[in-house]
Each structure stands twice: as C-alpha cells, then as structure tokens.
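Next, two complexes with chain A in common: one pairs it with chain B, the other with chain C.
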Partner chain A sequence: MDSFLSYTFIGLFTGAAYAIAASGLVLTYSTTRVFNIAHGAVGMVFAFVYWDFSQRQHMPAWLALALVLLVVAPAFGVFVQRVLTRGLGSQPIGVSLVVTVGILVGLIGVATQIWPPASRTVPQFFAGHLITLGNVVITWHQVLTVVLSGVVAGCLYLLLNRTRIGTAMRASVDNPDLLQLYGGRPQLVAALAWAIGTSLAALAGILLTPVIGLQYYDLTLLVISAYAAAMLGKLTSLPMTYVGAMGLGILQSYAVGYLPSAGNVAGLRAVVPTLFLFGIIVLLPQAPLRIGQVKGLVSAPVPTLGRASIWGGALVLFAMLLAVGLSTSNLLLLGTAATYAIVMLSLVLLTGYGGQVSLAQFTFAGVGAVAYAKIDQPNLFGLLVATLVAAAVGALVAIPVLRLTGLYLALATLAFAQLMDKLVFQASYAFQFNNPLHAERLSVLGLKIDGTGSYTVMMTIFFVLLALGVIAVRRGRLGRILIAMRDSQAACGTLGLDLRWLRVGLFAASAGIAGLAGALFAGLRGTIVANDFQFFASLLVLLVAVIWGVTSVTGAAIGGVFLMYLPVAQSDHANIAGLLFALLGFGAVALGRDPNGLANKIFGFNSWVVDRLYPALAERYPGMALRSRTDEWDGAVDGVDDESLAASGTEVERDVVVAG
Partner chain B sequence: MSIPILEVVDLHAAYGRIEVLRGVDLRVPRGAVVALLGPNGAGKSTLLKVISGQMEQTSGDIHLAGVHVAGAKPDELARLGLTTVPEGRSVFPNLSVEENLQLMSYAGVPASQVLDTAYSYFPRLHERRYQLAGTLSGGEQQMLALARALTSDPALLLLDELSMGLAPLIVDELYETVGQIAQTGVSILVVEQFARTALRIADYAAVMSGGRVVATGEPDEIGSIMADVILGGVA
Partner chain C sequence: MRSKLVGACVLALALLVPTACGGSEVSPKEALAANQSILGQGAGSSTDTTGTSSDSTATGDTGTTGSSVDAPTAASTGGAATGTGSTGTGSTATGSTGGKPKTKGAGGAAPSASGASCAGFKNTTGITDSTITIGNSSDISGPVPGLFSSAQQATKAYVAYFNSRSNICGRKLSLINLDSRTDAGADQQSYQKLCDQTFAAVGSMSAFDSGGAATAQSCGLPDVRAAAVTAARNQCSTCFGAESSGDHEFSNSVPDFFVKNYHDASQKAAFLYLNAGAAAENAKTQQTVETQRGMSFVYSAGIDVAEFNYGPYVQQMKDKGVRWVQFLGGYQQAVRLAQAMQAANFKPDIFLLDPTAYDAGFVKSGGSAVDGAVIFIMFTPFEQSQPEVNLYKQWLQQVSPGAVPTFFGLFAWSAAKLFVEQAAALGGQLSRASLVAKLKGVDNWTANGLHAPMAIGGKHAPSCIRFLQLKGGKWTPLGSTSYQCDGFSKAG
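Up next is the complex of A and B:
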C-alpha cells in the first residue's frame, strides 16, 4: 500500500509537469494552428539556460527562474512566432511539421554547441525539504510542481475564457482577417500565445530536469507525453488536456513500479506515453475534411522516362568510376549515401507526391534490415522478403490511422518509431541491447557481389531503378491521383475517389522502399546495430529531403550524399558538430516552405541561362551567336509537367536533371 | 459644403498583374448612405478591401474625414471608427454569441454597453448568447455581424453584400436595421448586387463597372439606368 501511494505521488508529479507542457502546446496550437513538434526541445534548451544561470553563473534560483520564465523564454517565443513560424497555420500541414521538426533539430544542435556534453545537475527546488505521510516521503519540489500545474491551468482558463485578449486568441484561429476588422491585432495575439507557450515549455523542462536529468534527447522526447495529453483534449480543450496529463503521469508511474524490468517487455515501461499517444490517435473520432483548403504546391518538373534513363545511366557510370578509384572506407560512405538516397526516394513518393508526412522512414529501413539479416537469404528473394515485411509493417501503421489525416498520421508514425526504438529493436527477436546482427552481401541470380566497389555500384543501380519507378508512377494515372490527394482531399472526395486504401498502399510502398534500402545497407555493412536506425535519424532524413527537394528524384540523390556527409563533417570538425545540426535544422526552417527545395532551383538554372542571361548577353555583345528561345507554346504539352507549365508561364521546354 | 467622410481619388489596385481598380473616384458625404452597385467582377469588394486597409492600392488616395490615410492597417482603422462588415458570414463560428460581442469592444465602446445595445436591437441574440455563433442560422449570424455596426458607433460603416445567401424576407429585415443605423447619423457605404434593396435606403448611388465608377446620382436616376449599366450600355 505504501509503495502504491508513493507511486501515485510520483505519478501526480510527472503528470503535473506534463500538464504544464501540454497546456503550452495546446495554447500555441489553438491560437496559430501550428503544432509545435519542437515544444519539448524548447523545454530542453531552457532547462539548460536555467542550469547556466543558476549553477554556472551562481544566480539565486528564484532570479534564474524569473529570468528564464519571464524574459528569455517569452522573448524566444515571440521570435519563433514572428520569424520562424509566421503564417504557417494556413500552410499545408506537412510544411508546418517540417518547419517545427527543423526547429527541434536546430535547438538540439544549438544546445550541444553551447553546452557540450558533460555531467550537469540541477537541484530540486527547496531541496531537502520533505513531507512525510506515514511511510511515504514527498518532496516540496513535487508538491510545488503539482500546485504550479493547477495554477497554470486556472490562469490559462481565466485568460482564454474571461479576458478579451484570450477571446481574441481563440477568435484568431477562426479568422485572423476578421479579427483585424474588429480592431484586434492577430499578430500581437499570436505572439502572446507563443510567449506564454514557450514559457510553459520552459517551466515544464525546468521542473522535470532534477528528476530525469539534464539530457538533450530525453527532455526533447518527453514531449511525446505532452502530445498524448494534448491529443486527449483534441488539441483544444484545456481541461481534458489536464486530465490526460495527470492520468498519463500516474499510469507511467505504475508501469515503472509494477511492470517487469527484464525480459522482452522490459522496454514497455519506457513507452507507456507512446502507447497512450498511439491509442488516443487511433481512437480519436474522424477529423472533418477541411474544405476550402486548396493549397496546390507547384511541383518540380517531372522528366520523361527517356531523359531520366540517360541521367540514371550516367549516374551508374559515375558510381563505377568511383568504385574503381576510391578506398574501401570511402566506398562504404558512398554506399551509405545510396542508402539514404533510397530512403529519401521513399519520401518523394510519400511526402513529395502524396503529401503525407512520415517521421519513421528510418524505422522502416531498420525493419527491412532486421528482416534481411534474420531470414539469412542473401539473394533477391531475401531482399524481396525484407521489402515486403517493411511494406507490411508500413501498412500496419497506416491502417489504424486510416481515417486520420496530416498531423495525426505524422504523430502516429512518430509514436511508432519511438515504440520500435524502445521496444522492438531492443528485444531478443531483433537486435537486443547493443547486439549487432550479421548480414551477408547480396547475390543476384547466383552471382555473389562481394567487392565493396561492385556492391556500391549495385546499390546505385537499385537507386536508379527505383527512381525510374517513382517517376513512372508520377507520370501515370496513379501519380495524378496522388497529386490530387495532396492538393485537396475534400475535392477528391467529391469526385468519388476513395483514398483510404490508396493511402495505405502509398504508405506500404514507401515503407517497402525504405525497407529495401535498409536491407541493402545491412548487406553493405555486414553488421548492423539498433543505433543505425534510430528514430532521430528519421527526422534528419525528412529535413534533408525537404531542404534538397522532396518533390524530385534529384533532390533525393543529392540529399542522400549530403546526409552521408553530415556525420563525416561532424567528426572532422568536432568543435562545431552542434552548429552543423543547428544549420541543418534552421536551414529546413528557411526552406521548408518550398518543398521543391534546392533541387528545383537547379532545374530552373538552365532556363534562367537561356531566358535571362542569353538575351542580356546578346544585347551587350551583338556579335555573339547565342541561341535564344522563341516564346511559343507549340509542343509544350509533350513531356512536360502541366503543373510546372502553369506556374512558369513562358517556359516552353524544360531541361531537367534527374539524378546528379 | 462640409468635408466628405470618405473621398477616394483616382484609386488603382491590382491582384498581382491583374488590375482590378482602374481609377476609382467616389465621395461619401457625411451622414449619407451611398449604395455602390454593379455587376460581378466590377471591383466593388476590392474597393472596400482597399478602403478598410486589407489590401494596398497601387496608386491613388483615400481620405477619411479629410485625413489622408496611407498604409494604415485594418485594426488601426477599426479603432479609429471605421467599421467594415465583410461579405460572407463575418462572425467567429467557434466563439459564443456573447464572446463575439465582447470582441466588438475593440472599436472603443465598453463591452457592457455593446452587450446592452446589441440585445436591445436583437432580442434573439440574447436568447442565444451562450450558443456558438457557427450554429446560428444565416440570418442570425448576419444580425450578429450587424450588431457590430450598431454598437461600435462608427464614423463610417462599410457593408459588403449583406444579402449574400439569405432569404429575401430576412434581407428586408436586415436592411430595415441598416436604415435605423443611418437615421442615427452614421455614414454608410453599402455594396450590394441586388440594386433595389439597397437603393431603397440610399441617399446616393454609384455604379461600378470594369474597375471604374461609371455613374453616380440620386437613387431614382440610377435605378432607371441600372439595366443599361449591367448590360453594358453606359460607360
């Protein structure tokens, strides 16, 4: 009984901290429609700031706390709202997810750069003060947390329901333009909401730090609990959020107390919030289709198959050249790049064409790798099985959330990745803890591809074939349906298209491609460990894919090379490793609004030369024989993506780079 | 003659490269009701958007009560006494009626007074004060929208297509209210496609076509030439 009571108190404490974090999340979401994936990262950074103020600079705890909560955090919140997430609420959900994931990665980068890994402790508030109830001991810190959560909940309720600015906050979600006509200031309202939300994230982080330690990732991912709580309140209801947070805290505490700490389900204790989140998302009533939301993205041009094959062939030839010239370690890197590129290809299909965001692509790759290693059939059959297993797992994730769209689907994948990380990959039927799996190199039709060079070339060939497949899909009927689905699900519904199974199929196909990449990767490395497929890598894949262009195959190719090079650069320049992360994250924030990414800029280069540079040069040097194109529309339809045509007016023919 | 409450001089505005307003000249005298009529795509709503600060003109001037306003934001204009009721249902659907009314106090009138005035004009709103505005009928929503015009004591009221999607009986009722507002001395610019309804309460009328004001005059004169204007006779 005593242990039960003390677990309950611990649960109340964690629940209270979750409630604080979750109410901040709800506040920012319900006023600006931006779901801040980085909410936990914000809490993490401010826990570090608090440590810096109170421990390193020896400020009194109350002063440090006041500085963080009333000055630094709100200022940062306003900055995020004004600069990073402005106008995101009306963008497609994928864009706001990518931008906030970018903020998450960027903040982790900033934290590691400013506060390099070291052992740091933050004492509890009123350390040493205890309350004893019978045999149960409660700290003042815990009591303070519970009290604060109540105060926060009460104040927020009053703010939102009893004050004019709070009413304006809720009004600005409905219609910010109208609020302006009323005389309200939507920007001010949004800034205030973000300032409060950031402060609450900081408070939750600071309160939790003495208990779970000052870590980059633990605090960041802790927010999953807050997501779960906020989901229970459907991201709008504060009281339900509070209930959810408290319930989750207690549930988690009991899980720690009463679930076995060894064996295959040992990981279960760590994933209670994730399971909770998954459960709530699955049970959530169907979100209504948002109509009047036609936000068609202008896609990168899609090349003809012939042109794509030529570029693909060139890429394979280039890989062959490299295979002859490079050392084994560099070839391994090249193979890794090919792996990443294939994973990004799966995102081109899923996110670029289908408009769905997945935060678990690398987990699917991990599933493929484990399947490939476990069945121990290093041939095309084994590869096929690995692909199918990954695809089946992908479908399995997609089916329960079939009814849901955008944000919920993305969060479900996030929960799934987390589950796999903590539960499945650690179990004895997969990697176990720190236990590498062995995999053989692939043999194709009886021909064993043993050399690292030839294996790398083969991976490149796989990439090219898959890329051609993706392009073929995009050019066909299916591709048109995908684009239509991405642009407006409601419109598709009125046309009588049943998109549910298409979405599952899309998810499965994408997971399958990622699984194939994982299997090939396993063969390349020979040994694989769970760390190769960590959840965090999936976030990086998404960001890099968006930066380089998630709507084109070229973007995937360049992105793969870039992502391979990132850890290399980090180990070469260890002193700025965090900065590189930050650059990547905030790069995604900057470029996330244009999912066509940098690759699309490359596509535009050729026509820029012909349309802008040639005429300018011809004017200056009349003698030069420059071929300027005539602005005619003849033959425009042949082999040119109609979307891109509509967007770029006068461009008649497009020269397209497929793979580079 | 006194300074008009609104004077628009040679106003141009464009959506991207498409010019919608091509030199609009319009005056709303103090205390007058001006009906702005014209076919679809004439630029009426765009003109209101520019006047209310939601859109920026490419050239031309707007004077409000003799003061040249340029680059003013809609919320600043709203606080200075310009009340705009945009087309469509201009209420916040996820707020209760009472909360909608509370937000109207941004225009400068205390919230309690706003509530009193609104409920005395529209007792039906009082019955439904705790109901979400999105669950009201179309006519009731427009009442709520008009309540802002009633309660905020505006210097100039801009009304855009009050009748949109409403039954004729309800439209008549709403325009009766507009007439009452006009009698309290508020200057009003009404944009309306249904000419007859608007002309009934108007002191003056102007007709827009192709981004310009092509005719102005007394309601009777305009009423008699409307058909020609719509069919392209006057230009």
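Up next is the complex of A and C:
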C-alpha cells in the first residue's frame, strides 16, 4: 500500500507539471486558436532567464521569480501575439503549425546563442526539506508543484467563467469580429491570453528545471507529453485538461511500478504519453469543420511538363558537372541534399497540393531505408519494395486517422513518429538502438552505380523524375481535386466528393516518395543509423520546405540544398551557430504565412524585371530596346497557369456557399 | 537526418563508450601477468602503471638510428607511485625498468628524434618533405555544442608539444581539424576528406562514429581514435581506440571489486540505464558480465530519454531492497537519478557510474545529491600528479587557454602519442599499411602511465580498473590507488 501511495504521489507530481504546461497551451488555443508547438521552448527560455536572474546575477529567488512570471514572460507573450502570431488563428492549420515550430526552433537557437552550453543548476524550492508520511517521502518542491497546478487550474477556471474579460476571451475564439461589434477588444483579449499562457509556460519550466536540468531540448520536448492532456480537454476544457494531465502522470508512474521491466512489454513504458495522445486523438470526437468561408491559397506557378523536363535535364547536367568537379566528401553532401529534396517533394504533394500536414516524413524515409537494407536487394526491385513498404506504412497511418483534419491530423502524425522512434526503430528487427544497418549501392539493369559521383547523379535523376510525376499529378484532374481538398474539405464534401480514400492514397504516395528517398540515402551512405531518422528532423524539413516553398518542386530542390548546408554553416561558424538556428526559425515565422515561399519570389523575379523594371528603364532611357512582356506576348505566358499569374498576393478569399 | 533533439541528451550518452565490447575471455591471471611483464613488476596482484607504457611488438625495433620519436628512455621520469593491490600486496613503480628495448617510460620527457632509420622514406598522401598531415574529426557542433571539442583540443595540444620538440624523419606534424557534427553522415564526410588529404586520423571522437568506419577502412586510413563508440567502428580494420574496447566485453575488475568488498550490497543490485544509443547495449553487456562474476541483480530497467521524473524507478528500488545501484547514461541523467534518490531518502551502499561522470558538470550540478557517488576509471585522475597527465594539462593550456582537461581529451592525447611513437618507430618504412600493421601489434598501451594498459591491436575491454568516490565535492580514491587487473569477460 505504501508503494501504491508513493507511485500515486510521484505520478501526481508528474501530472502537475503537465497540467501547468497544458493549461497555458489550452488558454492560448482557446482564445486565439493557435496551437503553440513552441510552448515548451518558451518554458525552456524562461527557465534560462530565471537562472540568469537568480544564479548568475544573484537576485533573491522570489524577486527573480516575480520578474520572470509577472514582467518578462508576459511582455514576451504580448510580443509574440502582436508580432509573430497575430491573425494566425484564421489561417490554415499548416500555417500556424509552421509558424509555431519556427518559434520553437528560433528559441532553441536564441537560448544556445545567449547561454552557451555549460553546467547550470537551478535549486529546488525548499531544497532539502522532506515530508515523510509512513514510508512515503516527498519533497516540498513536489508539494509546491502539485499545489500550484491546482491553483493555476482554479484561477484560470474562474478567470474564464466568472469574469468579464474571461467571457470576452471565450467569445473571441468563436467570432472576434462579433466580439468587436459588441464593444469587446479581441486583440487585447488575445494579448492577455498570450501573456498568461507564456507566464504559465515559464512557471512550468522553472518548476521542472531543478528536476530535469537546464537543457535546451529536454524542456522543449517534454511539453509534447502535455499535448495529450490538452487534447483530452479538446484544447478548450480546462477541467478535462487537468484531469488528463493528472491521469497521464499517474499512468506513467504506475507503468514503471507495475509493468514488467524486461521483455517486450517493457518498451511500452516509454511510450505511455505518446499512446495516450494517439488514443485520444483517434478516439475522441473531433471538432466540427469550419464552414462559411474558404481561404484558398494561390499556388506557385506550375510549369508544363515540357518546360519542367527542360529544367530537369539542366539540373541533371549540372549534377553531372558537379560529379566531375567535386571531391567525394562534397558529393556526399550533394547526395544528402538530393535526399532532403526528395523528402520535401513528398511534402509538396501532401502539404503543398493536398493541404495535409505531416510531422513524420523522415520517419517514412527511415522505413524505406530499413526496408531497403533488410531485403538486401540493391537494385530497382529492392528500391521498389522499399518504396511500397513505406507507402503501406503511410496508408496504415492514414486509415485510423481518416476522419482527422488539421491540427488533430498533424499531432497524430507526430505521435506516430515518436512511436516509431521509440518502439520500432529501436527494435531488434530494425536498428536495435544505434547499430548501423548496412546497405549497398544500387544496380540499375545490372549496372552497379558504385561511384559517389554517379550515384549522386542517379539520385538527381530520381528527383527529377519524381518532380515530373508530381507536376503531372498537379496538372491533371487529380491535382485539381487535391487543390480543392486543400482549400476546403467541407466544400468538397458538400459537392459530393468522397475524400477519405483519396487522403489515404495521398498519404501512401507521399510516404512512398519519402521512403524512396530513405532507400537511396541508405545506398549513398552505406550504413544508416536510427539517429538519421529521428522525428525532430521532420519538423526541420517542414520548416525549410515552407520557407523555400512547399507548393513547388523548385522550393523542394532549393530547400534540400539549404537543409543540407545549414549544419555545415553552423559548423563553419560555430560562434554564431545558435544565431543561424534562430534565423531559420524566425525565417519560417516570417515566411510561414506564404507556403509558396521564396521560390515563388524567384518565379516572380522575371515578371518584375519585364513588367516593372523594363518599362521604368525604357521610360528613363528611351533609346534602350526594352519591351515589357505584355507588349511582347500579349499577356500570354506559355507554360504557366493563369491562376498563378493572376495572383497579386498569396491568398485570395472566395466566398462559397456551404450548407450548414 | 541529423537529429537530434532528443538527441541532445541521447548523444551524450551514446558516448558511454567503451566500457563494453568484443573478444574472448581472458583470465585475470593472464591479464595480470601481461601487465606485470610489461611493467617489469614482480609479484603482486595490483598493477600501477604510472610511468610506464609499452609496445608489445616493439621488441627488436630498437637499436636502429634515425629520427623516430619517443624512443625508449630507459630511465623513466614517471612519477613514482605506491599502491596497494587488491590482494593487499603493495607495489612501487618507478616507471619502466628498461628491461625491454621498446618499453617506454619517458614520463614527461620530450619526444626525441631517435629510433628507426629514415632510409627509404617515401612521401605519400598527406606527407610532404616537410610535414606529415594528420586529421581529427570530432563532434564540435550539433545538438550538444562542443561535445567532444576536448578531444580535438588535446590532439592539437599534442601536435604543438611534439612540433616544439621533435619531428618524424625531418617532418613536422600538421593537423586538420574537422567537425563530425554529432552525425553519422558528417562523420563519413569528414573521413572521406581525411582519406583524401591526410596521412592518418588521430584523436577523433564522435558519438555516431559508425558513419566513417567503412570509409576509413576502404581507403586504408589509419584511424587512431580517442575511443571507438560503436561496434561498427571497432570492427573497422584500420581503426583503433586509445581507450580500447571489444564487442560485448566488460572488465571483470568492476564486479570483482564489489563482490569482494561490498558483497552483501552486490547481491541486491540494480542496473538502470538510459534507453538510447550505446548506453542500452552496453548496459546489457555490463550487467551480464557482472552477473557472471557473482553479482545478483534484483532490478533492471531502461529509462526513456524523455522521462523526467525518476521517482517511480527509485520507488521500485526501495521496494526491492536494492543496496547497490549502477547507472549508465549521461551525467545529466545520473544527476537526475541521484536527486530522485535523495528526494525519496533512498541511500544505497553504492551508486556506481562510469567515467563519463568524471566531469566538473556532474559535481557542480549534482551538489549534495551526488556526494558519495562512485565511478570506475581506467586512467590517471587529473587530481593526481603524473608526468604525462601534467604534460597534457600544461600543453592544453598552451593551445586552448582556459580549457578543462577531460576524460575524452586524455585519451585523444594518448592516441596522438601512440600515433607518433608508432610512426617514428617505422621511420623510413612509414606508410598507411605499415602503420596499421604496427598498430595491430600494440597491446598494453599506457601512454606513459596516462591510463591503464589498453589492448589497442587486440581490441579488448580494459582489464585494469580503479575507483574514485566523490566526497565533499572532491574525487577521492576508493580502495587502492593502483589498478585492479582481473581481465575481462564477454557477455553471453
């Protein structure tokens, strides 16, 4: 019985930490409809700030705590709401996810830059004081955490349900315009919600730091477990969130206490929060689709197959030149870039065209790599099998989450990626922790592609072929359906389109492409390890894909090179490595609202030169033989969709009639 | 494909290097005899390697003239050390006895330019008339910035030290530093570059060192590492760790010490490990060997990297009456476990960690919770004055002022010293292939007393171990200050 009580109280402490973190998450989501993936990173940064105040600057703990929780964190929360996430709630979920993942990455970079790695400690509150109840021993710090979690939950409940500002908060999420018409101030309400939410993230970070240490990633990712608690309350109910957090904490504690520590079941203990999250997402009723308004994205220009083939051929030729001129070590980098580019191509199909967000693309690449290595058929047949295995896994993921959309779907893929990391990739039939798997380079029709240069060229050819396939899909009927699905699933449903199996097929195709990338990568490297395919890499891929354009194959190609070069640049400029990471993150924040990304700007450059620069020059220097494109081609641009030319912005609103 | 998140902590752990890894069982007597023969010691069951090092293949290589380095200086200046062996027989070592031509005991003496003949010396990849270019690829950037920068600093320090005093057949050393970025792919890329540009890789240390193993082997690059973390690297035929390791091997000395001196506690043992990277695999090896040597485990569990509350594990140990706890993981997680034990008022007789806890960060961040923690080590602690340790610390400050000596740095220094000695001994016969062949014959390497004898060529787990205990924030010897050499066993 003593043990049971001990496990229970230990679980309550874990749950209390989750509860505080999840409460802030729910508050910001329920008032601004922005799911802040960076909530843990915010807690991490303010734990560093608290350390800086209390340990480095030797402020009294209470003063440091007050400064962080009442001044710095709320101010930062207001800044984030006003500058970084304003209006994000009405954007497609992919946009808000990318922006908040960008904040997460950016904050890790900022913390690394400001507080370089070193041993730092934050003492527990009331350190050394224990409470003994029979055989159960607990610390005052644990008691404080549990009590504060209850206080936070109670105060938030009262705020939202018993105060005028709380009512305004709840109203703002339903319809901020209506709230404004009634004299409310939605922006003020949103700012207040972010201020409180950020303070709660900071509080969770400060309370957890003495237990888990002051590190960049641990605190940041810990909060993912709190997502499960928040989802139990469907991101709106604070009482259910609290129950979920406590339940999860206790469940984890009991799992350690009562599940066998050896054998196949032992691995389950590590994935309790992930299973909890996955189960809740799949089993609980979903939020209704938002209707009445469709925000469609204007896609980047889609070239004709002929024009794309020419560019693809040029890319292959360029790769061949590089293969001749570059050293083997640099060719390995080029091959890595090709791998990233192919994975991003899978996102073009899934996210850029289909509007589905996946946070598990590298996991699918890992599946393809493992399959390729295991079947030991280094030829096109082996590559095909690896691709099909990855596609099948993608379909398996899609089937249970068929009815999920938006955020729920994204979190389901995140949970899937974590499960694969912890259960499958570490299993004896895969990598078994960090043992490398060996893979041979590919033979094509009996011809062994052994040299690194020729293998890299072959990877480029695969990229080009896949890109042509993706473009062909986009230009066909299927592509139009995908775009319609991206713009509004509700509208598609109203028009009689059954998208369920299309989504399964889309996931499978996307996973297959990523799996093929993984298989090619395995051949390039010769040996692969589980660490090559951890789920965090999927977040970075999504970020970079959006920065460079997740709606075009050009964005994928440039993004692949960029993602390959980022760690090289960090290594070459170690003193600003954190800054580079921050730039990536906040670059995604700046560009995240335009999924067409920088690639689209490149596409627009020619138009700008011809339509703006040439006329201006012609006017100033009448003697120059400059004509605008309009004059020359009479408004027709070969090979580019009309819709892309029509776009003056990145987003158009279309009124549609959707039956309620 | 670099990861990393989690990685961060995971990685640090992945580096729980080589306390376990491959080979056949060697009896304690064999190991002891081997050690003693090298040390020139007589009877006694403990071995103090201070001031000694050896090259088992070196016999016969001496007597030639030329410009090899660190040739045997018979009269060792190594610090005298006294110790009490595990069986209580004391021994006093004053460096090598000089009985064997190639046994080195140069202590802190500068490398000398005598040794093998330089006749017939041929320039090859990485070697010109004036320089021998070597490379170091260690984890510098990545999720844990500066993870193994100490290995690179130590290599740089040794190169500076060497160049200030000597040369190899008239050639100074030139060092190329690369970053393996805590990523197997980057390790592979680095080694491809080293294959093309350098004669050998020296003192490298990477968490995911499997990446460059095949690359190094395929180009025949001698890779004298600080340590090999993964089995794949250890299996690479041209790769050698200064801290040697063998697949699924672990030192007998660790369990033997506790079975003998803490018998009751050793029968109520628990093994906790971080369920990631090399830690998980090594933990199973270590626990198996410890069980084979007479310990009894009542609890064993892997802890996920994402878990932050270790309370339930501590409660399990309390329930099972555990008195001896071993943890394998990064020191950050060890601190977390120690704090959870302190919070639960759980005080085992022994809380054992591996050498990764020999870090100022562990002491600082652990505070009172880690007081009393025990670590097993196979090197001379920095608190001890020993010529080669002093040399390492002195030259580290020369090239990287303010840098802190570390366990990994110590073995990188040892790797650099090993490279120089073997290359110099080859003289005019120096080539990648001849160096690899020479390294394969090196056993019982101590880098002039810097660490316990290492089976470089044989690639086996260290036989000799000693223990430190943290008391009042200071590491102090637990048991003898000499190494206890009981051989190693293979798990399974």
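Quick note on the criterion: the second predicted complex is superposed on the first by the 617 of 660 C-alpha atoms of A that agree within 3 Å, B and C clash if a C-alpha of one lies under 4 Å from a C-alpha of the other, contacts with A are read in each partner's own complex, and residues count from 1 in each chain.
One rule holds for everything that comes next: a residue touches a chain if its C-beta (ideal position, glycine included) is under 8 Å from a C-beta of that chain, and two chains touch if they have at least 3 such contacts.
In this text, all values refer to a predicted model and were calculated from it rather than measured experimentally.
Name the contact category of A:P116: first (chain B only), second (chain C only), both, or neither.
second
Is A:T339 touching anything from chain B or chain C once the two structures are fitted on A? First, second, both or neither.
After superposing on A, A:T339 lies in contact with chain C but is clear of chain B.
Is A:L179 in contact with chain B, with chain C, with both, or with neither (first, second, both, neither)?
After superposition on chain A, A:L179 lies in contact with chain B alone.
Is A:R475 touching the first partner chain B, the second partner chain C, both, or neither of them?
Once the two structures are laid over each other on A, A:R475 reaches no partner at all.
Report for A:S329: first if it touches chain B alone, second if chain C alone, otherwise both or neither.
The answer is second: A:S329 touches chain C but not chain B.
Please determine whether it is chain B or chain C that touches the greater number of chain A residues.
Touched residues of chain A are more numerous for C.
Can A:V211 be said to touch chain B (first), chain C (second), both, or neither?
In the superposed model, A:V211 contacts chain C only, not chain B.
Name the contact category of A:A168: first (chain B only), second (chain C only), both, or neither.
It touches chain B, and chain C stays clear.
Shared contact residues on chain A for chain B and chain C?
Looking at chain A, the two contact sets are disjoint.
Which bits of chain A are touching chain B when the two form their complex?
Residues 164, 167-168, 170-171, 173-175, 177-185.
If we count contacts the way the header does, which residues on chain C are in touch with chain A in the complex?
1-10, 14, 140-146, 179, 181, 183-186, 188-190, 192-193, 195-196, 208, 210-211, 213-215, 230-232, 275-278, 280-281, 299-302, 304, 306-309, 311-313, 315-316, 318-319, 332, 335-336, 339, 343-345, 360-361, 364-365, 367-368
For chain B, which residues count as touching chain A in their complex?
Going through chain B, the ones touching chain A are 52, 54, 73-75, 78-79, 83-86, 90-95, 99-100, 102-108, 111, 148.
Note which residues of chain A are touching chain C in the complex, please.
3, 6-7, 10-11, 13-14, 17, 112, 116-121, 123, 128, 130, 132, 135, 137-139, 141-142, 208, 210-213, 215-218, 220-222, 224-225, 249, 252-253, 255-257, 261-262, 266, 269-270, 273, 327-329, 332-333, 336, 339-340, 362, 365, 422, 426, 432-436, 521, 525-529, 531-537, 567, 570-571, 574, 577-578
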